[in-house]
């Protein structure tokens, strides 16, 4: 591609890149709280909550995200429910990602020293209070690197929404490639966009991980 | 004078007989199935030595090339054409292997040689001619728009306000972008997915070749085709570049296929009546985009 | 269309056989990929641990780059590269190669962690007994490391099975693609996709139970290590 041709293509890919970032942000914003709730549910002494949480995690972790996307986009209309492509992407990826967040949160909570919980209870904190002020903050601090990795996973999974017609970076790349036949320059540029987004995130996660190890 | 006239009349008779004989032999030659004589070492020769021809076909376009989930077998007009090609090459229609192609893989699979030829609703375009070679046209399709029965869209000019579902990687997407820049495009991976988008009301129009629409319309009532064609789509077989003797053989095969009545027979079998006349081999210049 | 008409095709033996064929292909691709990725990942891990700077940098570069890309993109890229390079692999081979390129990078980290988890003392003892670097690796380190790597490798296999569904986009006739062919013929998307989802779930859940059983020893450590490098 000559320089003159490259610029309109670059802005075409940039539109997709913006959508990828927006989609990632929404999924992270939704899956972190949802996953935290499920993770806490798995850690409670209440059997019903634990069972529900376990069922959620064991189901969504073991289904390919592409199937979930297809289910919402192509499946639901079969019973008359038609949800727009972008929204399908958010819902499917949130449900999928939250399962992994829940696992991390659960492990984080389990890793907090029992002694701290008992100390908090003896100081008069109720169960929820102990959870909120003592356990949860420490748990989150411990699993922050894992959560960072999960967010990186969200970015990678957003590429799948190209299959349901959402105009993200991958989708724009495919369309550009079919128009220009410039397969390698197009997909290399797309790769560079993803790297520009993910590598800084990885460096951030590594830094968090080093800090966590120093604190532990 | 009498002798002159008789010489003339004899001459005329002789000429008529000669002309008739010439016409007859020419007709015979044209009606003769092509003989697979390939120079040794050429691609055609390689196919003959292999003992079967590998053809890339669609597995998702009903009536033309699709896989029947009940039998696992591939069926359709283009599939049957492929079997006839095997018959022309080897005398046996079973000496063929079909491999699935999708829009984005048609050209790469050819360029490398994973398939010998592609018979997959492939439209001949100038840009594609830079990448691969095309045979004679074997079907003149046209792009059409499918809308729900009750749709307010009646003519092509209404498309500018529509949400159009079309498959990625085909000629449809490019044309719609150029011809209807105000329309919103919903681009999905296959014709099947795009049709589902129309069915689930995500899009108000589905654009594809009329060959694709024929099959999809059959299965679900409640849709109608806008009769006016958006474009002409000359469907031809695709072959990788550098195999002129193979292309020449395929052209001879296609000519014979049309002339012998096989074209109409297989069209009736797969697509049904009314059966149009087979198209000419060379597309009109305005059909080639 | 009423419910029974939509459900009927999924109870049909022929169609179930058709879908089962797709499942077989999915498994074949996933297993092939994991085996090849183990080889590739081991090579990469050894390269990463090498004291020869250019090699360790190249390996690290490969690993970090591929791990930072969507598997979808890597698959498409390798798919087209295979055809431009004129390698006669067919769709199946191209998908396996593409997934191997992706999973080798992930497996390399698993192998590296496994190798590094072997007590340095053993390596030093081996070296003092006169064993060379490669010999130590081959007879002392790797056998023990592989046993420890089994749980994360099974996790990687689960991820790989999920990634094979992406092969449907380039025309690989695996489980998801066959499911798509079925629901586009019979207009029962939700029923078919639910069935497909259930099959994948059964497969991945079964393997995850296996992974957990293998992880029975050293559970706490393994858990913490796994969560730190959690990939989804």
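Letters A, B and C mark the chains in the order given here, with residues in each chain numbered from 1 onward.
Assume a residue touches a chain if its C-beta (ideal position, glycine included) is under 8 Å from a C-beta of that chain, and two chains touch if they have at least 3 such contacts.
Please read all numbers here as calculations on a predicted model, not as lab measurements.
Taking the mean of C-alpha positions as each chain's centre, the chain lying farthest from the centre of subunit C is B.
Looking at A-C alongside B-C, one finds more C-beta pairs in contact between the chains of A-C. Put simply, the chain nearest the middle, going by average C-alpha positions, is C.
Work out the mean CA point of subunit A and of subunit B, and you get 45 Å between them.
Per-chain CA centroids place subunit A at a distance of 20 Å from subunit C. Centroids of subunit B and subunit C (each the mean of its C-alpha atoms) stand 40 Å apart. Touching two or more other chains at once are residues 80, 84, 169, 180, 187, 189 of subunit C. For subunit A, residues that reach two or more other chains under the stated contact definition are 74, 77, 163, 174.
Residue numbers of subunit B whose C-beta contacts span two or more other chains: 104, 189, 193, 196, 199. If you check the complex, the residues on subunit A that touch subunit C are 58-59, 61-68, 70-71, 74-79, 96-97, 100, 103-104, 107, 111, 143, 145-146, 149-150, 152-160, 162-163, 170, 173-174, 183-184, 187, 190-191, 194-195, 198-199, 202, 209.
Of all residues in subunit B, those touching subunit C in their complex are 59-60, 66-67, 69-72, 99-102, 104-105, 108-109, 111-114, 189-190, 192-193, 195-196, 199, 219-220.
Looking at the complex, you find that subunit B touches subunit A at residues 103-104, 127, 131, 165, 168-170, 173-174, 186-189, 193, 196-197, 199-202. Looking at the complex, you find that subunit A touches subunit B at residues 74, 77, 82, 84-85, 163-165, 167, 171, 174-175, 178-179, 181.
Of all the residues in subunit C, the ones that touch subunit B in their complex are 9, 12, 14-15, 17-19, 21, 79-80, 82-84, 86-91, 169-171, 173, 178, 180-182, 184-185, 187, 189.
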